[in-house]
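Okay, so subunit A shows up in both of these, paired with subunit B first and subunit C after.
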Partner chain A sequence: MSKTLLKDKIAPKHILVLALLVLAFLFPQIVTQPYFIQIAITVLIYCYWSSAWNIIGGYAGQFALGNGVYIGIGAYVAVLFHQEGFGSPWIGMVLGGVISVMFAFIISKPCFKLRGTYFSLATVAFLHIVRYIILGFNSIFGMETNGGMGIMIPYTGRWQDMQFGKEGFYYVILVMLVLILVVSNVIRTSKMGYYLSAIKTNQGAASTIGINVPKYKMMAQCISAFCLALGGAVYVHFLLNVSPYDVFGYDLSLEIMIYCVIGGSGTLWGPVFGALVLGIINETLRVQLGSDIAPLASAFYGVALILIVRFAPGGLYQLGQMLINKIKGSLGKKKSETKEVSVQ
Partner chain B sequence: MSEERIIVVDHLTKRFGGLKAVDDVSIHLNRGETLGLIGANGAGKTTLFNMISGVLKPTSGTITFDGVEIQKKKAHEICKMGIGRTYQIVQPFTTLTLLENVLAGALMRHPRVADAREVAEGIIDMLGISHLKNTKGASLTLIQLKRMEIARALATEPKVLLLDEVMAGLNPGERVELLETMQKIKETGISIIIIEHIMKVIMTLADRAYVLNQGCLIAEDTPQKVMEHPEVIKSYIGERHYAS
Partner chain C sequence: MAIFFQALIDGLLTGGIYACVAVGLSLSFGVMRLFNWAQGDLLMMALYMAIFLIQGTGIHPLVSILVVGPVMFVIGFFVQKFLLNPLVIRAKEREPLSVLLTTAGMSFVLSNLATFLFTSNSQSVTTPLTGRSINIASMFISTPKLIAFVVALGLTFGIQLFLQKAEWGRALRATSQDREVAQLMGMNNKLLYCLAQAIGFACLGVAGGLMSPIYAVSPSTGATFGFKTLTIVVLGGKGSVPGALLGGIIVGLVESFGGFLFSSLYAQIIVFAIFALVLFLKPNGLLSKDRG
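Let's turn to the complex of A and B:
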């Protein structure tokens, strides 16, 4: 009796997740070449960002195309906070998150009155405004930002300064990824998750069953912005450099969105899946074929995006699930067939 | 006792540009009563529903619910106060299952998902659709969707239920089934306003009926008497038939 209960609680899915987690934690011990760890860190941070974008873009279904802006705000605030001698970039990181939430609130308040494409465009506009402000000025409020040159972060190697070598960064970002998956899962399975799904499919009907649509969209946007900002702060300390081209780039916002959609937006594992597959392909192509190939990668994304949106709107993740179900179904059929035969 | 008015609509008008969709309409709903709202297409029935449920704001006039003016309130606030509705053209959450659709409605009064699920399961059981609970909204048939919408509205635990042409698009067999369901809901003692073209529904369920024509109120009486009203026959069956 107790055995069957245990069996019910521990599904193969849980074992798979656990195995993945163990594998992820052992990875730097097994594969020690810095080159691979470097790729792994980049892929992990994209997994994290895609999962963060998924909260507003996937669960709430609001295509916030310019949400990379919060990565940049988080990064700049954390770096400037430390550079100007206010304290550790860790505190700066949290402050960056809070400032991002404030911006998200101010920007989204009017934008949520717009629907669909207009909302997306408004978020892009905000990204461009912030980017050109950073590009156009060498200092902001008296703090040196060096315009397009960006800010170099002096290497100290101290964890207080958010620096801990490649392996350290790998683990920090992995823990962040695990945390955001936990947060996503809590959202997904709570009242908020059901409300966001309702808003995503039918805003009108959602409001007539008592859902405060703007409030829940805003909550999703603020949580997403906060998480994106934290990732930005950590990632630039790994790069030891923050520049508007990197963190306020339109490409970054697009990539996060594309990974999420191709992987499967609105699902827990879709963004991770998309970022893993595409991130690895992307990094490998770039290293193997040089930076000339970058435009080709964009073309590849474009084609992949069209195919996914047309034939598998649930993304690769759902496609995989469908395949597994089909295989299971055909296996089940065969089993029952053999049973029938044996009965005969 | 039964004459206590739960909804009072007072001189309500809605203009869309030059068109008066609802023109100076005053109606009321008594507590525990089932009210029929009839009229030809374009008479303003759904517009009236949209204003009561907060989807549209009236141009002028007031709507009072349980003693509180609600014409300026938002749809979700009105739902919270206790008015639930269905749509003439069904509005399911297509990516959610039937149970999840109803559960989403129950979450307003029962924020814990487990509690809301229990409430939702009780309601879909009453409406006889529990066997469909794991079917996605996108795969349900029209009658199943209509039942789901009623269940979803009931899950918000309303004091007043607005049913907008739930019979439209159903075949006679399905209508009989749904009529039984509606009778069951009426027996729970909830106050209901029904918009319906199928007269049998109004005759069976309604205690009182209003007739709208081109935005104006033209009659108010018991369903039987309303049917005999010359203006009703004129606007419903047509002037020629009336003459002959």
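Let's turn to the complex of A and C:
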């Protein structure tokens, strides 16, 4: 009896995830137009970044608005590593992740002493500092970065150079997304996840019951920074160009946060959901209405954010869950009513 | 030496303009503890209004203040009433993140809407004040900047007086210290917040009018000024209106001397580095008394 109940509770969710995964993997086979694959890649990378940001912004509740800096660091390190002849950008990507973690470690130590808005501001300050440094210098440590012009990545098409055509990128980023969801899920259901959730709810109380608050916040930040950096490295190789406007843009950081919050920060599927919905709406608007209207599509994000914060602070994901529960609840009621009738 | 003094004067006067912008934010962030992320974009909006108004009617920039200021006042009142007050009432914490997010959303809407409506090209207007300067001992003092500086001083003084002496201002400070108790004492929190935000927006309107002879406006103006104003307010200290003036002048001076000694880009990096240092060492600002 209990076994079947358990099966009833878990099975649909797992089937749904599996179906989604299969659909995602088959997507480039079904929809072969390069244009759609291009959009899919963009949407997927935003899903990935949003999920990475969710670890610090959602689970730990620390609104690190400047975390786009790690995307930039990851991207620049990977590109420079290859350009300067040290080796494959794959190694550069990992190195970028490590450097991002080191950077996060150094700047987050003082940042975490600040709370709420001040913490957000401090992270944005560091984003701006790094951005202006990249913008202002044509070379850094003797490596050519060309300031605001950025670096073009010569096309070779070899996988060693992290170039594999649109379909290849789609699968690489999809695998990365699956990995980060697995990591997120491990964090969420582990002791660390519960600690982070306690910190998010009430930092003072969390510290009182013996949680090492700075340590766990730092861990969340470092994991988030590492994942953001990897995404940055892969994405610029897809674009074949890295410039401070793209990867150190303040808008990018904000967009990732917006996706996450609209989808539902602090949930496993929220960020993916948010980036999928908004990304698809944005791209469709852009195509249907032309590029003149593109800013209007971006303005739509702002409106969506304001509405979500006001009316559904838990995000779209929670909103959907509530709806499903309500439907289930009303169905359940009917069932129980009929049961009562039959007993009588 | 003359260059030194020139840089000093430029820095001070530019600081005055920054202060004008920051005073408004210091009311909302400093006193009400509501963080307005869209400050820069609202300034952009005011600047667009002023420039189009002057382009269209040919009025003097100082007259345009009399139009843009009140319009911004009304906008501020309604933004607070319909967008922010519902969040404040719901929030438990003193500095609600929901307000930060909503204003970030506003910033996104405004900057993108501006790009859509006016394209990303910059707009400027030539007014009777444009390019005018007073020449004293081989130093140039830009007239519009001087006016802005004087107005910034006046605004700071006026708002400080309002907060310290006026019944409404004192009520506002009481509300910022403890919303619930203030309400129990019979204060109309919602109306107070609307008024304070309206005054903050009006300051931006005034700043927009004052800046119209000097600056060209484009959708990225918001991003340029937004974070700078936040820096200034944090430098000055929350709850401190004179602090906003001081912060504005510091940033103005750093930019002016940084630009004169190195380059304007270095100057920006120095501004942010100072900002980060102040955040870490004295998070409540240079002029703060309390520590919490």
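Just so we're on the same page, the second predicted complex is superposed on the first by the 322 of 344 C-alpha atoms of A that agree within 3 Å, B and C clash if a C-alpha of one lies under 4 Å from a C-alpha of the other, contacts with A are read in each partner's own complex, and residues count from 1 in each chain.
In the analysis below, contacts are C-beta pairs under 8 Å (C-beta built on N, C-alpha and C of every residue); 3 or more make two chains touch, one makes a residue touch a chain.
Bear in mind that the values here come from a model prediction, so they are computed numbers and not experimental data.
After superposition on subunit A, the partners subunit B and subunit C are seen to fit next to each other with no clash. Residue contacts after overlaying the shared chain place A:267 against neither subunit B nor subunit C. By the document's definition of touching, of the two partners only subunit C reaches A:258; subunit B does not. Of the two partner chains placed around the shared chain by superposition, subunit C is the only one that A:63 touches, whereas subunit B remains out of contact.
Shared-chain residue A:118: touches subunit C; no touch with subunit B.
One geometric descriptor of the composite model is the angle centred on subunit A: between the Cα centres of subunit B and subunit C it reads 80 degrees, in steps of 10.
Applying the stated contact rule after C-alpha superposition, one finds that A:128 touches subunit C and leaves subunit B untouched. Subunit A has more of its residues touched by C than by the other of subunit B and subunit C.
By the touch criterion stated above, A:310 is placed in contact with subunit C alone, subunit B being left untouched. Contacts of A:136 after superposition: subunit C is touched, whereas subunit B is not reached. Fitting both structures onto chain A leaves subunit B and subunit C with a minimum C-alpha separation of 11 Å.
The touching residues of subunit B, counted against subunit A in their complex, run 53-55, 74-76, 79-80, 84-85, 87, 91-96, 100, 103-105, 107-108, 111-113, 116, 137, 152-153, 155-156. Chain contact summary for the complex, subunit A toward subunit B: residues 189-191, 194-195, 197-198, 200-202, 204-213, 266. The touching residues of subunit A, when paired with subunit C in their complex, are 63, 110, 113-114, 116-118, 120-122, 124-126, 128-129, 132-133, 135-136, 250, 254, 257-258, 261, 292-293, 295-296, 298-299, 301-306, 309-310, 313. Of all residues in subunit C, those touching subunit A in their complex are 35, 83, 86-87, 93, 95, 97-98, 100-102, 104-110, 112-113, 115-116, 219, 223, 227, 230-231, 234, 263, 265-266, 268-269, 272-273, 275-276, 279-280, 283.
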